[in-house]
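Quick notes on the structure that follows.
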């Protein structure tokens, strides 16, 4: 399952989307919004996505971990305003062997942060608003 | 949080036990019971624990990942009968940086399977019942 | 050629719009979009090295040839997750 | 010395009990527990190499000296997770 949603992410539902009687281990990564960034207090966050392209790339990544490691994976990313402490992204990877589940889940979040066209905008308590540049270096080094 | 329980594990609750406004990433490992083992169909499973020792060791492991990687972690293991497809163990590791969350979560499940005194007993469809020996080699090599 | 230009994040803020139909010349490459944006706002110059371009939902190199009807997206450094 | 012996998993099945008070001699080491079990059921012999011993909830080596009142647990290969 690959999804971009404006609603709160139902973690249990993401896990269930990859679980199955054959699975031995599921690794789940949950990205949560933080109350600080660059040493400043964050009041709120929002995410923007180039949705059709983001979905295409995420579906390709999910196929890739399936072909490489036999892992069944799901990625759900939230867009719009995300309250502090709530999940912005949930990735689940299920496999008969935990090694593959861990590898696939790590690969998916690393690739997501590197190439999936989604942007975070932080509203700081001092009133400033900024597009996050957290992935600047990775993109430049491609 | 470290817990051994006879009830179904509430995954959301384990995640919430490590989440906090400071956390950026949470890695969660979920071990689920499978419907096959050693090429045979499994009808049911049960886990037995040497509870006080298991809890002591898991608490020590949780302290260890906190001291080593600054990770806040929880481990919940189910004992007694566990229906096929349900979770036998849930481990959550929260950190400001995902690398540490992944490392800690992986370390905890690997160590749990190596040293925590918990045993799995499989009821096969052919009527046989066996204590799992999945960790035999690891224990011998210590 | 008629191109649909889509801007996101900082690129959208610098240009002041998120989507626009723009005419390009036959034979123009994707980098023509970056020149077009620099013409709108000189501050785009400092972003050239970090911005990537996508044509019809796929990343392309700057010398990818444009075709009539293409949707060209300007992708500033991503920060999802 | 009075020792509380606790058995788990395959060890419990082989012995036919899960907990018992057993008398050991002053100066006995933890391995005396393994000899005691082999006396109850010869099949324990084949488990000696893979079984670990714990005294008062901590893993110990086979030559750990026992003390009156110790709880000694026989830990077959674990298989949690």
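For reference, chains read A, B, C and D in written order, and residue numbers begin at 1 within each chain.
One rule holds for everything that comes next: a contact is a pair of C-beta atoms (placed from the backbone, for glycine too) under 8 Å apart; a residue touches a chain by one contact, two chains touch by 3 or more.
As the structure is a prediction and not an experimental result, all values here were calculated from the model.
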Partner chains shared by chain B and chain D (touch criterion as defined above): none
Farthest chain relative to chain A (centres taken as mean CA coordinates): D
Mean-CA-position distance for chain C and chain B (Å): 48
Centre-of-Cα separation between chain B and chain A, whole angstrom: 24
Per-residue multi-chain contacts in chain D, two or more chains: none
Multi-chain contact residues (two or more partners), chain A: 31, 109
Chain-chain contacts as defined at top: A-B, A-C, B-D
Chain C-facing residues of chain A, complex: 31, 47-50, 52-54, 56, 77, 88-89, 109, 112-121, 131-136, 138-140, 142
Residue ranges of chain C in contact with chain A within the complex: 6, 8-10, 13, 49-50, 52, 54, 57-59, 73, 75-81
Complex interface listing, chain A residues touching chain B: 11-12, 15, 19-32, 34-36, 84-85, 96, 98, 101-102, 105-106, 109
